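Written out below as structure tokens is the structure these notes cover.
A, B, C and D are the chain letters, set down in written order, and residue numbers restart from 1 in every chain.
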Amino acid sequence: MISKNEPIRGIVPPLVTPLKSDGTLDVASLENLVEHLIAGRVSGLFILGTTGEEQSLPVKTRQEMIRETARINRGRLPLLVCVTDTSIAESCNLGRVAADAGADALVAAPPYYFATGQPELLQYYQELIPQLPLPLFLYNMPSHVKVSFSADTVLKLAEDERVLGFKDSSGNAVYFQSVMHTVRAYERFSMLVGPEEMMGESVLLGAHGGVSGGANMFPELYVGMYEAARDRDIDRVQKLQRVIMQISTSIYTVGRHGSSYLKGLKCALSVLGIIKDDFVSPPFYKFLEPEREKIRRALDALPIVGGKIAI
Amino acid sequence: MISKNEPIRGIVPPLVTPLKSDGTLDVASLENLVEHLIAGRVSGLFILGTTGEEQSLPVKTRQEMIRETARINRGRLPLLVCVTDTSIAESCNLGRVAADAGADALVAAPPYYFATGQPELLQYYQELIPQLPLPLFLYNMPSHVKVSFSADTVLKLAEDERVLGFKDSSGNAVYFQSVMHTVRAYERFSMLVGPEEMMGESVLLGAHGGVSGGANMFPELYVGMYEAARDRDIDRVQKLQRVIMQISTSIYTVGRHGSSYLKGLKCALSVLGIIKDDFVSPPFYKFLEPEREKIRRALDALPIVGGKIAI
Amino acid sequence: MISKNEPIRGIVPPLVTPLKSDGTLDVASLENLVEHLIAGRVSGLFILGTTGEEQSLPVKTRQEMIRETARINRGRLPLLVCVTDTSIAESCNLGRVAADAGADALVAAPPYYFATGQPELLQYYQELIPQLPLPLFLYNMPSHVKVSFSADTVLKLAEDERVLGFKDSSGNAVYFQSVMHTVRAYERFSMLVGPEEMMGESVLLGAHGGVSGGANMFPELYVGMYEAARDRDIDRVQKLQRVIMQISTSIYTVGRHGSSYLKGLKCALSVLGIIKDDFVSPPFYKFLEPEREKIRRALDALPIVGGKIAI
Amino acid sequence: MISKNEPIRGIVPPLVTPLKSDGTLDVASLENLVEHLIAGRVSGLFILGTTGEEQSLPVKTRQEMIRETARINRGRLPLLVCVTDTSIAESCNLGRVAADAGADALVAAPPYYFATGQPELLQYYQELIPQLPLPLFLYNMPSHVKVSFSADTVLKLAEDERVLGFKDSSGNAVYFQSVMHTVRAYERFSMLVGPEEMMGESVLLGAHGGVSGGANMFPELYVGMYEAARDRDIDRVQKLQRVIMQISTSIYTVGRHGSSYLKGLKCALSVLGIIKDDFVSPPFYKFLEPEREKIRRALDALPIVGGKIAI
């Protein structure tokens, strides 16, 4: 369902993993979330990424999340499963679970305990790719994994048809442009941008889409931004950007630590009724009532009509 | 000549400081460079920034650069002078030299030996601004000064009419969007982006212009990108972006160290005949012949017609 | 076998995990290594740490390493098992395997995908500790996990009797002294230093021992340093330090990347015949012949007599 | 007065620069401070270092500080002047002022705006050294200047007799041991450690002394530690270390930012009556009364008898 001949386009949201207060998967909330996203016209489902707390979940919850999402999705949208791990064998194990469940592609950031040099990073992916049962997206996430793909390493990996694209969460537009320029000969190769705050401008410059966390809440907003940028409607891009930045500077900045984004997003989803509990796996912990009240007020300040951003 | 009521718009190139092989100012090359830039329709001249090697120059060469640029410019373009220093008194001293020479505005990045917290940074600028004889642009350059303005600190400083704008060289589009969103109520406040690789997309999203180093070589290219983005001509933005990225990934990446950009830029300017020698002040050193040959070849690969990028 | 009333003292080497060329556990080499270490009079066995490549191994190899080491050890020495993971549930799972195999204590560095603030870090350990079946050593490893325990967080955790001690691999002597000073009221609390290059001086100042990677090769050297420092024999400390630094600046610095230490150590162990193959798990890769030859020469330059450092 | 044939030994305190509330040099306080230090049996005077706020002072205050310290010192102790600058010419200018005033040696950290590679760093010092009128100590201060001397760069520079030694403020004991091991053939070459918290252990392992900021307050404490370590009196080393750590974890940690050390030290000196005002140059600002009260209490908790640490 993912073509090898053309890039995936649009918004592929990184799903939060809905959890009950005891840390187990909340399947009912997951059903609600998936239907909410499909109704919001997203282009794919990306699970177990950073927003999906893969690393914090028990392995069996990761497996359950894969199977349940695949079951709920019923093949309606491409399903991408993040298999980032420090152990190449465990990435492959999770990849097989994903393939068995009917996922379409895998996503892997570099191993994140040991920091590799570029030659080691290249060799690692060259070993990993043929062992995986599904094609792969590369995932750049230097703040969390400590290393960044050089543009040249991306280019070498893009030569392999099993490598479908590159998702960059660095936030660095110079870097993103540099990679996009370097791999431009591969028209089938997807260039996806992580941070939603730079998604519009990236699509205007040629990126194929975004992995926008905020789309868990308001898929129509980010799909709208993607389409406005694709259609080169700059007035609309600028208008939607203001809402996207309002979300970014209110809902994602309530807490004091790096966990603010994740806590704020899950809390808002809970307030909006899209998921039930906003439990966050250790080492992060969900907001207490004072922060939840701030999230409520931040949501109240948004132009929401009928549960959707009025755009 | 810089309005307090509306932002400066367009390309304000950060001039290299042309130096002779003994490290002294090459006034003839400076004349050539300034005329080249004015002919290229830039919107202002920004001297003694990072590209201008302020920190590496003797104080008297900094003063000479200010006076000579002002003399050559003859008030044709707004003249912005960078007075970043670790000593508040020395920033003021250089600011007075600039005011006496007829400069229009000053630019200051945070002090860069001691790393400050945000309250200290705010207090520092609140002390600095009233002591300066000219209005000020804030300059964000975390890779070199180790601290970054928080959006909130920018907002507090933007309330002061003597603060004309903000130049961000972080390369971080999420951060740039966040600051732009935070200060959006101040319509007179200039938002300028440093890295030329993200200038087009930033202008599309509402930035007022760029401080593009490559404009030393090809002002018409970056002015063209600014105008294409301002005019929302996305085809042209994407076309020019390819040339800008070709420059970025060839001319600026010949060396192995962080100095590659500066060495490559000065070497290319010398090969193009815009400046004579490509002397770089210690602790950097100009390219030797093998690297110079690579720069020549990188220039040959560009679509140059009659000394200009054919756009 | 580990007392709750007094700190563990001496050298507790972080065992490499001997692997065959197909990446599976080399039990025969492990037997050889454990006997070599016990004969070298170390004070405990620490497995699956950074030197033991825990994160790079498949989960089942981690489990096998625990069971085989426990079997070989036969209770002769305290067995410490590192259970660092990004998932609190998986740390507990591995902890149960260790307890079932007869290990004496666990070791856990902070979760290393998400970077926590200190309150989150404290809460994380306060949740983890009661779920573990064995007492715990805290493990500080900021270069790999991105966060560092504040001295105050260590103090709060040290109040819990199930927390036996603190192993610091920061290399920062100011930090180590600061933590040691802060927890000095807990006489039972072990202060162990990771980097062997600073082990002697740390013991002279009151640390209880070291987790010295080089002890895999030459246990008598590091045990000798520990004893010399304990006995305040400064002449001997300085003499042994020269050998320790010769190893550090030759065997650990053959490669170009951060992996040099691990590759060099395993290669040397293989040259010395202590383990058979020097296979390193992805994302690292063992040295090729040119580097192996450099390791051979580095070993030849050491004062080795009869397989031991002549001290 | 500094021998080229043997290393300088003992405590060479980095003098704070006493300033009046208008930011000008407080010569009377400087006289008091210098006499206090000489009475405290320090081995030299190191001015305009990080503790001396060189970078924050106006150039003419730097010059005045040099001349006044030299005048007060009357050649009683070796006078070392820090000339770290981003401009090689300005380092030389300050060096000439120091030579004219009768200083004995200069100290220079790497240029700190542009971050150099090691070859550039080596070339920079090879250019700087012959231009300086006095011999030089290398100063490693990576937290402030962003680059660290490689051990190999130190070795190459140590070959020049005009390079007297190396002061390391990295706090990294592995690094310090590595440099000390690498240059051990140069017996005349001084190895001095910056952070007082690791001074004792470094001297025990062979360092020649320390540049201990706390010696501004209590020179006899740090001289006592140096002598105890030199004389290998480990009981005394451990006893003094407790006081040194008490100072480090109380007086230097009152504030929230990186400026805590400098503010705390100057505040304590003011409370102790050694200097009058505790004015700190922008971008740092002296403590207000609540913090000053904490410093008073921290001082009260120290074993001070007759203005000195009772040791």
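Criterion: contacts are C-beta pairs under 8 Å (C-beta built on N, C-alpha and C of every residue); 3 or more make two chains touch, one makes a residue touch a chain.
This structure is a prediction, so every number in the text was calculated from the model and none was measured.
Novice: Hey, which chain ends up farthest from chain C, C-alpha centres compared?
Specialist: Ranked by distance of C-alpha centres from chain C, the top chain is B.
Novice: Quick one: report the Å distance separating chain B from chain C, using the average Cα coordinate of each chain.
Specialist: A distance of 49 Å separates the two centres.
Novice: Distance between chain A and chain C based on Cα centroids, please, to the nearest Å.
Specialist: 36
Novice: Two or more other chains in contact with one residue: find those residues in chain D.
Specialist: Correct list: empty.
Novice: Can you identify all of the chain pairs that touch?
Specialist: Inter-chain contacts occur between A-B, A-C, B-D, C-D.
Novice: Taking the complex as given, what residues does chain D use to touch chain B?
Specialist: Counting only chain D, the residues touching chain B are 23, 50, 55-59, 61, 86-90, 93, 110-117, 119-121, 123-124, 127-128, 144-146, 256-259, 281-285.
Novice: Along chain B, where are the residues that touch chain A in the complex?
Specialist: 151, 171-178, 180-182, 184, 195, 197-198, 200-202, 204-206, 232, 234, 237-238, 241-242, 245-246, 248-249
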